[in-house]
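Letters A, B, C, D and E name the chains as they come in the text, with residue numbers starting at 1 for each one.
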Amino acid sequence: MDYLLTSLSAAIGLITQLNQEVLSTVGISLYTSLTAILLASVLGVPAGIALGLKQFTGRRLVLTLLNTLMSLPSVVIGLLLFGMLSRQGPLGGWELLYTPLAMIIGQTVLATPIVANYTLSVINGADNRIMSTAMTLGAGSLQSGWQLLKETRFGIMAAVIAGFGRVIGEVGVAMMLGGNIRGFTRTMTTAIALETSKGEFAFGLALGIVLMTIVLLINLFLNLLQHR
Amino acid sequence: MKPVFSLQNIQLGRGNNFNLWIERLEVRDGVLYSLTGPNGAGKSTLLWLLAMLRRPESGAIYFGDTLVHGTRSELKKLRQQITLVEQAPYLFDDTVARNIAFGLRLRGIQGEERNNRISQALEDVGLGGFEKRKARELSGGEVRRVALARALALRPKVLLLDEPTANIDEASLQIVEALLTSLPQQGMTIIFSTHDLDQPERLGAEVIRMRDGKLEAATYPASPRQHVATAEKITWPRPLKISESSYLWL
Amino acid sequence: EHLRLATTTSTENSGLLDVLLPPFEEANNCRVDVLSVGTGKALKLGESGDVDVVLVHARSKEEKFVADGYGVDRRNIMYNDFVILGPIADPAGIAGSKKIAAALSRIAEKQEIFISRGDNSGTHIREMQLWQDIGVIPVGDWYLEVGRGMGEVITMANERGGYTLSDRGTYLAYQAKTDLVVVVEEIPGQFNSYGAIRVNPDRHPHLKVELAKRFLDYLVSSSARKLTTGFRVNGQQLFYIDE
Amino acid sequence: MDYLLTSLSAAIGLITQLNQEVLSTVGISLYTSLTAILLASVLGVPAGIALGLKQFTGRRLVLTLLNTLMSLPSVVIGLLLFGMLSRQGPLGGWELLYTPLAMIIGQTVLATPIVANYTLSVINGADNRIMSTAMTLGAGSLQSGWQLLKETRFGIMAAVIAGFGRVIGEVGVAMMLGGNIRGFTRTMTTAIALETSKGEFAFGLALGIVLMTIVLLINLFLNLLQHR
Amino acid sequence: MKPVFSLQNIQLGRGNNFNLWIERLEVRDGVLYSLTGPNGAGKSTLLWLLAMLRRPESGAIYFGDTLVHGTRSELKKLRQQITLVEQAPYLFDDTVARNIAFGLRLRGIQGEERNNRISQALEDVGLGGFEKRKARELSGGEVRRVALARALALRPKVLLLDEPTANIDEASLQIVEALLTSLPQQGMTIIFSTHDLDQPERLGAEVIRMRDGKLEAATYPASPRQHVATAEKITWPRPLKISESSYLWL
């Protein structure tokens, strides 16, 4: 229990002192994860809605692939994109490796299937009169889809939160593509991994507690927004 | 005058061997039609077809002069002239006023005009003052009446009503029946389904009677008209086998 | 300007780079982006031109790296030595042994738990070399090949009450966090030397050649050497320099 | 592209040869992940249903906490449980550290909030007449809940698949609590991490492809089950 | 004889200032009651209350001799004697037969007996042979009739029907009305809501008329009975303020 207490008090210390380095690490985490989840939502929500509504040959296969992509380990995405972005890779010239942008790309790839799949479930569960009602009132298919999105907003919000949870907590992509460079691409999770590898378990856990506190604050804020 | 709708050799299957099969049907402008027949006869299916929510498997539908065939933007334009109130109406999870505003906004009707139309429509169904009520906190009959108001506010060319007088109280029944007789006089075409077999006569409606997916020949004497020759030539752009869940003709 | 340095976790985690880099960064108005990875990965990053300089410890691999034309200008930077860590109780009874190789064969004989890096790192390569020298093929329940970093392996050995081969630098960095002690050390030692190599700019024209050169020069400069030998963890020196 | 091709052919090589070591690694991955998702489902599905149906004070706070737990990085769970299971920790006597069981515990902790949250969304989206109908027909609250579960089975299935995807692809818990011991606690993901740290990127990616192939097969199988 | 239900000083609020407020109501055994009143009068709310799906905020409900108060297992036992068919019935996503089997299984009725009851109930509503049909592929009127069959198969002591004759066709109406008159003669108590104001008289039903959440005093002359004294003493075990969404009295 000693260990937990040490971590907890270290975490409280970190939070109350608002150490410059911790602040910058938190900032990088939030910047990459929020950007990634924004992109993933823009891609994943419409994809999920379309998959929920459209019938086409091969749909079942696409759904199975989507389920499979949800299991994609973040280190595998890291490896794949590393292959693309590395100097030798086809996109090496863009000089993206070991930059926050590379992390954002990787995290977007990671979150999109999750957001899409979750959205798909929400749409499957939604009342199927929503679309027809919108159409009988003169909406086109895009407008009807938009209305569907509004009607299922809590579910869609949950989908986005799920995706955010995945990227803010992941370490593989951030490590492989960001490189854990201090002050530049070091995120909370790569910092935790670093402390852990240094044997500073209590401090690693303290950082974990800080991360959870931040996520909790974000969720409280979203909760307030939802129930305004 | 051209018929509003003209259907030829329409075939549309659903689960369980049910087939809507309409050799010919013409719907004249400004007329009130009642649609009757036993449960499962295909009334709701026909109304869905006319609302252009479902694609037939074969046959031709003309809306006025236009062969309804279907790119999205075309369909949307046609659909804006037709409004259907479904058998179990769905209200959006919002206030009553915003439910009615939805279709008005799509038609670019705004501000004062929109508010007037909303309150007018609510008055029309005896629900004056219901604007701020939440749709999810209404009783069954109130839901149906709000759905009707939502359709009325749009002043469509064709109004399709699936059992509009079910679930509503005595006073509202009178109001709705009065609307059903008066609106066609202003040029609106209305088709409503009902199980009250006295209602068509009471309202002076033309009767379309269905059974087993077909029109009962005797009840609806369709006079031979144009388009007939082309009917055989129509082929639908996409394959016929559409799963039931892809019901929406997007 | 950013210079990219790929190095092993032992140098980064020990804290050495935190004292070594700032003077260089200041003097050259640049930043050194440190990618702390395993030796194998560091060399791979060099091969692909994703870093400008590598600082690693696996002599044979480094030489191959240069011979294959991926790197140029290899410099010896510093060294420390390998030791065998184990629980104080020393169930294999090897304490005081003067030879690491002999101690290993005794561990194998008594089938005491031994945790192996198993990750092709410099330390792992040395360990395999040692087994080969004494003609033992280490297999069995007692031999756990874990494929993790040195620090993690020390933690695992500590948890399981087993032995492991470690470089002294990492051990010193971990000393406060573990119950393990140095059971066997060799005099003169089993050396673990670190080399810095510039990635070959002929293969990767985008590399920062000038800065990399200056960095290597800095690493072998007397001021850097002073910082290196002066670096202490818990009052103990971690790295030595070949004079 | 060279890199991707190398990985792909290595992956095909691995699959066709069915190397003993790869097989055992796959076995360990599946054993731990399937057990963990089973446990997580047993805990998470009822929790999600209960949260979806019950009103109680503090419910919103519980939901916010649940959202937060979804972001829990796997290394943080690893650290936490490490603190419990290590020799020094309160449960050190159980000698669970560096065993498959420890990984199962960690992965269960990881997956349960995800399964619960996803289930909750499904229940929120479900027709609220399901419960009342079951009750008017004489079902008790448990029986009604069971019927609700049957009616929403596709959504619940998606929740379980999402949880499975999370655990089969995670590396933090498997690494910290399993220790990546060859033939004992080495999973596909820790093996990938190891190859990556060795710089064997292509081989790591090949293992990733093998993992994805296995997950794809599982999902195809589930898909067939669902649509039987 | 004891009344089946006896309600005293019941108060139950919903959104929008609606309050169900019933000073006294007694439902006698083996009697057919009709429940009428305008939309939003509280008919469905009252039926939910009687089906023990909602908890009142204050007041007492007796079912026979039992004060309905509510631990789960008690409630379940009481509820098994009462069946409600809701205004918009929900069918489980399964076959028609398995929908009807649900309640039978809960009562331990199995095998031959169960199958007989299922086909009997379907015959009763004019849907003989519908066993294998999928519930999701039925028309609106068919859904309502299956829901009715599902309730009939259980042979409950009290049958609560929310607008059972809406949406159904002429032939089915006759069948259902015949059931409504014959079942009470076999001892079943039935309360059905309707908007067809001729129906109560036609069926010889006692009339309960509601408006604005209250019984219209004149229409339902409740004779003074036992329990009255205790009514004031009832306090409900859990706080009164229950959000609308937690409607289920679990």
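Rule of thumb we're sticking to: a residue touches a chain if its C-beta (ideal position, glycine included) is under 8 Å from a C-beta of that chain, and two chains touch if they have at least 3 such contacts.
This one's a predicted model, so the numbers in the text were calculated from it and none came from an experiment.
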- request: Enter the minimum step count from subunit B to subunit D; a value of 1 means the two chains touch.
  value: 2
- line: Ordered by label, the neighbours common to subunit A and subunit D are C
Query: Among the chains, which has its CA centre at the largest distance from subunit D's?
result: B
Message: Need the CA-centroid distance for the pair subunit B / subunit C, whole Å please.
response: 79
- request: List the centre-to-centre spacing of subunit A and subunit E in whole Å, with centres computed as mean CA coordinates.
  value: 48
Field: subunit B and subunit E, separation of their C-alpha mean positions in angstrom
entry: 33
Statement: Note: subunit D sits from subunit C at a C-alpha centroid distance in Å of 36
Field: subunit A, residues touching no fewer than two other chains
entry: 86, 88-89, 127, 201
Task: Return the residues of subunit C touching two or more other chains; collapse runs of consecutive numbers into ranges.
output: 149, 152
- request: Could you tell me which residues belong to subunit E and also touch two or more other chains?
  value: 88
Statement: Here the pairs of chains that touch are A-B, A-C, A-D, B-E, C-D, D-E
Statement: Contacts from subunit C onto subunit D in the complex sit at residues 37-38, 40-45, 118-121, 144-149, 152, 156, 158-160
Query: Taking the complex as given, what residues does subunit E use to touch subunit B?
result: 14-16, 37-41, 43-44, 87-88, 133-134, 137-142, 145, 162-163, 166-173, 195, 197, 244
Message: Residue numbers of subunit A touching subunit B in their complex, please.
response: 53-55, 127-141, 143, 147, 150-151
- request: Within their complex, state which residues of subunit D touch subunit A.
  value: 1-4, 7, 60, 63-65, 67-68, 70-76, 78-80, 82-83, 86, 88-90, 114, 117-118, 120-122, 124-127, 152, 154-155, 158-159, 161-162, 164-166, 168-172, 176, 188-189, 192-193, 196, 201, 204-205, 208, 211-212, 215-216, 219-220, 222-223, 227
Message: Going by the contact rule set out above, which residues of subunit D touch subunit C in the complex?
response: 86-87, 97-98, 175, 179-182, 184, 186, 190-191, 194, 196-201
